[in-house]
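Next come two complexes built around chain A: one with chain B, the other with chain C.
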Partner chain A sequence: MIAGLAPSLSRYGRGLVPLLWGAGLVGLLTWLPRAEAWFRWLAPEAREVIYPRDDFAVLLLNHLALVGVASGLAILLGVGAALAVTRPWGRDFLPLASQLAAMGQTFPPVAVLALAVPSLGFGALPTVVALVLYGLLPILRNGLAGIEGIDPAVREAARGMGMSPGQILWRLELPLAAPVMLAGIRTSVTVGIATAAIGSTIGAKTLGDPIIAGIVNGNSAYILQGALLIGVLALTLDSLFEAVTPRRG
Partner chain B sequence: MAVHSSSRAANRVLLVLGLALLAALLTLDLASVAPNRILPGEGVSLWAWLGPWSASVWAFPLLVMAFAWRGSARALVLARVVVVAALALLPWVLAAFAASRVPDASSQARVTLGAGFWVLLFLLLMCWVELHARLRHGLWLVLLPLLSLGLALTQGHLESLALIREYASRSDAFHAALRYHLLLVSAAVGLSLLLAFALALAMRRFPSLRRGGFALLSLIQTIPSLALFGLLLAPLAWLAARYAWLGELGVQGIGWAPALIALVGYSLLPMTRNSVVALDGVDPRVVEAARGMGMSPAQVFWRVRLPLAAPVILEGIRITTVQAVGLAAVAALIGAGGLGTFIFQGLGQAAMDLVLLGALPILALAVAADSLLSALARLTRRQPGREAR
Partner chain C sequence: MSETPRIALKAVTKRFGAETAVDAISLDIAAGEFCVLVGTSGCGKSTTLRMINRLIEHSDGEIHIDGQPIREIDPQRLRRRIGYAIQSTGLFPHWTVARNIALVPGLLKWSRARTRERVEELMDLLGLAPSEFADKYPAQLSGGQAQRVGVARALAADPEILLMDEPFGALDPITRESLQEELRRLQGRIRKTIVFVTHDMDEALKLADRLVVMRAGRIVQQGSPDELLAAPADDFVTSLLGGRDRGLKRAALTPVARLMRRVDAGLPVEPAVAPDEDLRLALSVMLWHRVECLAVVDGRGRVCGSLHLSDLMRAGI
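For the complex of A and B:
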């Protein structure tokens, strides 16, 4: 999608777009701490205009680590569950799993995040748990859609050729379902980045920190710094997914 | 999914859920009792409350498991009776618990729902979903637990629940926030519907707009909400300072203005995509036939194209509304008000029941919007003389 903004670029290689966004992210990281003069203009009365409490790189790495751990777990659980309920021994659970995946996605991520606090307290743990719980739903849903969407005739043909169930899984079902699964993972990661930012309100250290601090102290310079970094981070990762998604046609 | 050929065998899903229900009843705290708002509560398990009488509660999962073991359609109908009864009794169990632990409802003491309660509720709902997938009919049964809950609430039996106490101490603010939340969501959905429809028409007129248009809309969709609110702050503050009339309208860097703009921005992608798909999906032969019958272009649009496209457009409205209900909660962070206010206030004060007071209605709103709008979409699809998509 992002590649659509630069059609001439996409012709030379879609890998270039995430590289450009990534370079933008690194550029922001080095420029922001030196940009006092610019941000001074936004918040003339503030005592400090560059978010002082943490290094932006530390926040970025923390943010990425939270989303990375949560997404890894969500992929394992989501794909695992999708495979389990489409095997003959797990098929009984298929209706429940697909209903759960569909209904769970109507739950707003903020509500899930907030509801994780009473049982798990504040900090990174409830954030990761909420991210995993919420993030595995689109993965599960797309996983089911991908596997169930395979033409039964293809599976029949593979069986006729003498492939074992394991071979059918690894050489047929997974490769055929991969694009749809990848789309689910992409949705999951996008929501994860946004939700991790809100995780700042429950005590996780993320790029949301400058924004929250800026809102609390009425310092719009902090807010803009956090917002720029989160925005460019999200666009970088999304364009990365765009680049690795196989294109049809 | 039709009733499986395996439906006469034991229902393994319900067996697992029944076991989980038993385990939750045996191990987790149902609720906790705190002397006031600040002191932490003391957890109470089912056994600690009822002693040997707990067995009467265990009967519910045991019955569900027995019926699941039979697995016949009739046994599943009976299992559903048990599940619905359990859900309907839940508020009264809470009321009885509250009455026994907080005898003086006017005191400061309060009952906080424990992990056990939430796990119980979740597992019972899973049982319901499983049974509904197998049996299909009888969706109206959902109303029974809701009616029961409504009755328990209006009769004042749940007054010593911490959640209700939080509500009682700020009921005016709650209603105002609820109204505001609904207003924000409907304004965003309405505005984005108009804009998206205009965009969809333009994209159909000028196909070259499509690629770039959708790329831009998905770019907006990718930016996290908190960041988008932040990015809107400076430009809006500048505009409000520059043009006094905007400031008089209440446009500021924080408040409803950035919230509404961001909500509309996020809504545009699903809304435009569905409108385009819907309008593209209308069979050209039908349009041709309508023209042949002598309909004017306006008549063709309003009486043929639009009704035929309605189900898919409604689907777009559904996605957008559910999304906006959740995003409006985040908007509370930038001072836009709404139910999210209670979530973030509660998090700030470490008052979990205040968090619930914000989060539960938001959840309920999202689920209600989802089911209402999908029912509406089914209804428009089912009208006579129309092929299902």
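For the complex of A and C:
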């Protein structure tokens, strides 16, 4: 999503961008606890200016762990489902999968969280479940688009040359679908970073904590600190995807 | 023919649901024969072709290759033994030309050196300079070049049989003609058993040792191009062969050498034709120059004979 930032960088240069954002993130983590002077003007009346309840690093790691677990599951399920329904034995479920993938985009993540609470209670588990469900859909949708987008003549030729279904999957379908699939995973993870913060409202420990606390206590400094960390984290991961996306030219 | 045909179809039928696409077809194709299936769109040509490499399983009857029923052969092993080229080429867009051509040798686990040697040999054979084309991607090729790569890929593992489904159907007329010419020349050298599908009768007449005319899933007539032109079985074959235009089509199949007189009786060197040019062209030259007699001039520019309109008329061309 920040592709425009580095349009002319070489391959080497593209690998540099996520490193820079990552360094920025680490810098932010070490600087924030000592930056009272910088944030004071946002909350002149407050007793505390820097969010005190948890170490930012702990929140960040927790946030990442939630998104990591959820994205891992979403990738497994999404890519798995996209492959399954495009095999001859799974074709019957292709229309259902397509509809599901299309429908999911109209469903706000907050609603998924709200629905998860009554059945799963509060904390990390319902957050992960909501993140998986929500993150699954762009992965499934792009997975289907990637595989269905392959020229049928190419598949026909592959079969006609005597490639096995496994060879067709690994040498043809996955490499050709990879850019579109990766774009779906990228969307899913980036949205997941933002959505995970909402997990704080149902008791998961995330970078959303300072934001919620800031809103509750009317402390804008907390809000800014949480938002800064979430923003830089999202940019770091997004640039990482930008760097690993294969391109042919 | 006493020897086993390379490909034998015995009362082969293919049904898709209630529809019968191919209806009890029987056909023997000898080793080294260039067999062209021709007929209007939807008559079952592609289905017949794709049953031979088991991309489609036949519903009834038997297909044998070198006497062995193909149902007994593992489909993937069978297909690696049979070259396959299609109209839209189906080249892998993420692979270079060289890698595309090396596909089947790769599946057959040839050594790297042997594969590379074979790829270069084929690229030379098909007029694709390896230094220029080996590392290009399919998207960087013209239609004709892509089709050459498709044919090279089909020939890569030196299969005995080559199946071609309208391989030149999407090309412009000039590229198509030059590729037809080259395929004919190539076949003269490699002598594969080729089953070639087209709906273009001129292409079929030009390439075929044997023409198989299909209609609605059945074979209407088969024979050499000359035999069909001389005695079409019914009105359908007649119209497919070009109706009243078939006099010229037949002339196009006959070289000047067959009707020329060896005596040259001091003819002017112009207008002239070459002995290996066809009678259709000779007629055109006669019309153009309003003469009834042409000099026949060989490759070294010497008059080696003469061609007379009256001889064409007598021969019944």
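Simple rule for what comes next: the second predicted complex is superposed on the first by the 238 of 249 C-alpha atoms of A that agree within 3 Å, B and C clash if a C-alpha of one lies under 4 Å from a C-alpha of the other, contacts with A are read in each partner's own complex, and residues count from 1 in each chain.
To be clear about the criterion, contacts are C-beta pairs under 8 Å (C-beta built on N, C-alpha and C of every residue); 3 or more make two chains touch, one makes a residue touch a chain.
Everything numeric here is computed off the predicted structure, so don't read it as measured data.
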Partner chain in contact with A:T190 - chain B first, chain C second, else both or neither:
first
Quick one: is A:L60 in contact with chain B, with chain C, with both, or with neither? Answer first, second, both or neither.
neither
With both complexes superposed on chain A, which partner does A:G226 reach: first (chain B), second (chain C), both or neither?
first
Kindly classify A:M163 by the partners it touches after superposition: chain B alone (first), chain C alone (second), both, or neither?
second
One more residue to check, A:A177. First (chain B), second (chain C), both or neither?
neither
Can A:A130 be said to touch chain B (first), chain C (second), both, or neither?
neither
Touching A:I198 in the superposition: chain B (first), chain C (second), both, neither?
first
Just to be sure I read the superposition right, which of the two partners does A:I139 touch: chain B = first, chain C = second, or both, or neither?
neither
Applying the document's definition of touch, where does A:L25 land relative to chain B and chain C: first, second, both, or neither?
neither
Under the stated touch criterion, name the partner, chain B or chain C, that contacts more residues in chain A.
B
Output the chain A positions appearing in both contact lists, the one against chain B and the one against chain C.
none
Going by the contact rule at the top, pick out the chain A residues touching chain B in the complex.
1-5, 7, 42, 92-96, 99-100, 103, 106-111, 114-115, 117-119, 122, 190, 193-194, 197-198, 201-202, 208, 211-212, 214-215, 220, 223-224, 226-228, 230-231, 234-235, 238
Given the complex with chain C, which residues does chain A contribute to the contact?
151, 153-164, 167, 171-172, 175-176, 248
Report the residues of chain C in contact with chain A in the complex, numbered from low to high.
53, 55, 75-80, 84, 86, 88-94, 103-104, 107, 137, 150, 153, 163
Touch list for chain B against partner chain A, complex
1, 4, 6, 11-13, 115, 126, 129-130, 133-134, 211-212, 214-216, 218-219, 222-231, 233-234, 237, 253-254, 322, 325-327, 329-330, 333-335, 340, 343-344, 346-347, 350, 352, 355-356, 358-360, 362-363, 366-367, 370
